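Okay, so here's the structure we're looking at.
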Amino acid sequence: MSTPTEVPAALRAAVDAAKERVAALHAELPRWELVVWTAGNVSERVRDERTPDGSADLLVIKPSGVSYDDITADAMVVCDLDGALVEGDRSPSSDTAAHAYVYRHMPEVGGVVHTHSTYATAWAARGEEIPCVLTMMADEFGGPVPVGPFAIIGDDSIGRGIVETLRSSRSPAVLMQNHGPFTIGKDARAAVKAAVMCEEVARTVHVSRQLGEPLPIAAEHVDSLYDRYQNVYGQH
Amino acid sequence: MSTPTEVPAALRAAVDAAKERVAALHAELPRWELVVWTAGNVSERVRDERTPDGSADLLVIKPSGVSYDDITADAMVVCDLDGALVEGDRSPSSDTAAHAYVYRHMPEVGGVVHTHSTYATAWAARGEEIPCVLTMMADEFGGPVPVGPFAIIGDDSIGRGIVETLRSSRSPAVLMQNHGPFTIGKDARAAVKAAVMCEEVARTVHVSRQLGEPLPIAAEHVDSLYDRYQNVYGQH
Amino acid sequence: MSTPTEVPAALRAAVDAAKERVAALHAELPRWELVVWTAGNVSERVRDERTPDGSADLLVIKPSGVSYDDITADAMVVCDLDGALVEGDRSPSSDTAAHAYVYRHMPEVGGVVHTHSTYATAWAARGEEIPCVLTMMADEFGGPVPVGPFAIIGDDSIGRGIVETLRSSRSPAVLMQNHGPFTIGKDARAAVKAAVMCEEVARTVHVSRQLGEPLPIAAEHVDSLYDRYQNVYGQH
Amino acid sequence: MSTPTEVPAALRAAVDAAKERVAALHAELPRWELVVWTAGNVSERVRDERTPDGSADLLVIKPSGVSYDDITADAMVVCDLDGALVEGDRSPSSDTAAHAYVYRHMPEVGGVVHTHSTYATAWAARGEEIPCVLTMMADEFGGPVPVGPFAIIGDDSIGRGIVETLRSSRSPAVLMQNHGPFTIGKDARAAVKAAVMCEEVARTVHVSRQLGEPLPIAAEHVDSLYDRYQNVYGQH
C-alpha cells in the first residue's frame, strides 16, 4: 500500500469538509452522555476516487487528549489508512489504529465511533451481548448487539476483533470485551447515531432486566422490522 | 371519509398556531430526557368545526428524522386523519399512522405523544404494568399505567392496541409491549405532560422496587386523589 | 387567629425580598434534578414582628401549575398561615396547606420545600427510612431520614404527619409515605439545601445497597459529626 | 516547619495563576455530575522552590460553603501546608486539613480533589474496592481503586488514611470508607481527571455487576495497559 504523506490537492476540499463534520459530531458524544473528560472519538473516511482500491483514502479523527471545549475543525488530524499522521499539530487519538483497520477491511464503512458509554461498557465487561427485546433494536440493529473478543491496544487485535464480529452480524455496533463499544456507519453521522442508539438500548434493556426478564421478539418480527426500517422507510 | 388535500383557508390560522405549539413542545422531550437523537414525536389535532364528525380534522406532527436542533414551526408537517401528507416538505414521522388512528377513534383526544423513554420502555419490554404506589400516580393516572399488545408497524395494529387499552383505563398513558409509551391529552401540551409524568413514575416505581416492595395505596384513596386532582383542583 | 387580607405596608419590603429569593430558589429544583414539569414547591415565611405569636406571619410560595420557565418574583403568591391567598394573580400551590401547617406549628422554621425527587420518593414508596451510613448524612441529618405516615391531601393530615415526624428527629427532611420528601430550614435556602442533600443521600445509599449492605456508622460518630457540622463548623 | 503568614512576593504570580486554574477546574465537578450544592473541592500546590523541603509551599483551595455559581479566582483562598489561612476573605473548605496532610507527606503530589460522587461513595459505604475489570481502569488506575479507613474529620486521621492507602497502590484515587473519594495528581487538572474517571469506573462496574459478574482482566494485561498509558502514550 502506498499512502500519501500530505493531503493531496484533489482531496483538500473533501478533507476540510470532513474536518467540519467530524468536529461538530464530537459535540454529540457529551450531549447524549456517552463520554466523560476527553474520552471517545469519531472519525470519517475521505475517499480518494482516483485509487479505487481505497489504499489512498484518508481518515479524519480527533487528536489525543483534547478537551471537548477545544474541539474545532482546525484541531482535527488527518491520517492514512495505516494510522500514520498526514496532517495536524497533535498526535491522533490512541484508538486511530483500530479505526484505520476497520476502514482498510470494510470498504463500505465511511465512519467509525468509539466510546466507553456506561451501559454498553457494562455489558461488555460481562462479555454479554444485548438481546433484541425492543422494536427500536430490531429497527436499528436487526438483532442482538454482539460482543467482540478481549484485545489489547498496540497491534491489530482490536481492529481485527471489531471487523470479524461485525461481519457476522447485522448490527452496526460491537461491544469489545472489558473495553467498550465501537460503531460503524456509511458516514460519521451514521456511526454517531449507532453509538447513541447502542447506549440507549444497552440502558433500556439493562433497566428492564433488573426487575425480571424482558419478553423476546420473534425472529420473523425482528426481520420485518429491520427490513422496513433499513430499506423501506430509511429513518424514524 | 373525504379529507382535504391542502390546508383549507378556514384552518390556516389554527394550523399555523398548532405548528408553533407542536414545535415548541418537542423541546420538552430532550429537556426531560425522554428521547435521544431524533426519536420521539408530538402531534396535535386541528379541528375543522364545519365537519362535526371530525373527518376533516387535520394533525400537525414532526417530520421523520429531524434533529432536535432543527425543529421549527415551519418544519412541522400537516396530515389528514388517515395519515396522508397534506402540507410539508418532508415525510411525516413513521409513527403518524398510529397518531392518526387515535384521533380517528378518540374524538376527545387533541394531542398524542410517543417516546421510547428509558424506564417506561423497560416496563414495556417485560409487558408489565406500572402499579399505582405513588400519590402522584393516583393524581395523574388514576391507577396503574397499562400495557398494550405487541404490534408491528405498517398497519393499524399499533393504533388499535393504543385505543383499546386506553378505553379500559383512566390512564392517559399506555406502554406498548416491547416498544414504548404513547400518551394522550386534550391538547398536545397535556399529552406531553402525560409523557413526562409517565417516565417519572416508571423511574420512581422501578427504583423503589429494586430494594423491596412498594406499599400499595388503597383503591378508595386512589379514587379520591384522582377525583380531586382531575375535577376539583385541576393542576398541581 | 386573625390574619391579614392584604400585605400590610410594614411587611411590603420583606414580602418583596422573599418573592425574589423564593423565585430564584425554585431554579435549584430542576438544576439538581429534583423535579419534572411543574412539580415541586419552595416557600418562605415572612415574619410580622409586631405579632410575636406568629399568627400574622405570611408565606410566599409558587402558584399552582406554573412552568419553571415562567417563575418570576412577580408570579409568586402570598398566603396567610391558614393557607388563604393574600396576594397574587393565581392559585397557590395545592401543597400550600401543608406548608402553612408546618409554619403554624414549628415557629423556628422559616422555609419549607416539597418535591417528588426520584430516590427519596422511592424510599417513601416502601415506607422505609434511609439509614445513616454516610458521613455527609451524619453532618446534615444527624441520623436516618425518617418516614412520615400515609396522608391524603385535603385536610391537615399531611402537615400533621410532617410536624410529628420531624419533632422526633434531628433530620430536616421527612419522607411522607407513598408521596415524597418535605424539608425544612431556618429560611428557604436552607430548606432547599436539605431537599438537595436528601435526594443525594437517598440516591447514594440506594446505589450502595444494590450490591450489598453499607457499613453502619457508630452512634457516637454520628453524634460528633453532627455536632461539629451544625455547631462548630456550620458549613462544608 | 516555619510557614509564611502572607503570600511572599516571589510566589505572587504563581499563586494568582493557581487561583485561576483552581477556580476554572471547579466547574468540571458539576459538569460531570460529581457534586451537588456546594460539595466538593479542588486544590493545587504552589511550590516555593527557595525552600526545597517543601515546608514553605502553599495550597490554593475553594472556601467553605460557596455556591458553584460564585466561584471566581478572587474567591479562592490560600493556606499553608498546615492548613492555616494565609490569604482570603472566607474560611477554607473544611476538608483543607486533609488536602494539606497529603501535600506534606506526598511531595510528588501537586493537586488534590475531594467529592462525594454517587457511585464512588456507594462503593465506599460498603468498604469495598472497585475491581479492575475495564481496560480504561487498567489505563488510569493500574488495578483496583482501593478503600481507605473510616476516619473522623477534626484531626489528621483522614489525611493519614489517604496517604497510607495511596502509597500501597498505583491508583490516584482512594475511597474513604463511608465518606467518599479523594484523588491526587501532578497538578490540580490531573487530580480532577482522576476524580472524573473514578466516578466513571465506579458507575460502570456497578452497573455491570447488577446483572452478573464482570470478567476479570489478567494481571499481566493490567500491567501492560497501565505501563503503555502512563509511560508510552501519556494520554488517550
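Per-chain residue numbering starts at 1, and chain names A, B, C and D are given in the order in which the chains are listed.
The definition used in the following text is that contacts are C-beta pairs under 8 Å (C-beta built on N, C-alpha and C of every residue); 3 or more make two chains touch, one makes a residue touch a chain.
Worth saying up front: this structure is predicted, and the values here are computed from it rather than measured.
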How many degrees of rotation carry the C-alpha atoms of chain A onto those of chain B, rounded to the nearest 5? 90
Specify, for the interface formed by the sequence copies chain A and chain D, whether it is same or different in terms of residue numbers shared by both sides, with half as the dividing line. different
Hey, which chain ends up farthest from chain A, C-alpha centres compared? C
Approximate Å spacing (C-alpha centroids) for the pair chain B, chain C: 33
What parts of chain B, by residue number, touch at least two of the other chains? 210
Going by the touch rule set out above, what shape does the chain contact graph take here: line, ring, star, complete or other? ring
All pairs of touching chains, please: list them by chain label. A-B, A-D, B-C, C-D
In the complex with chain C, residue positions of chain D that touch it: 36-39, 64-65, 93-95, 116, 118-119, 121-123, 125-128, 150, 152-154, 177-180, 206, 209-210
List of chain B residues in touch with chain C within their complex: 32, 133-136, 193, 196-197, 199-200, 203-205, 207-208, 210-215, 217, 221, 224-225, 228, 233-236
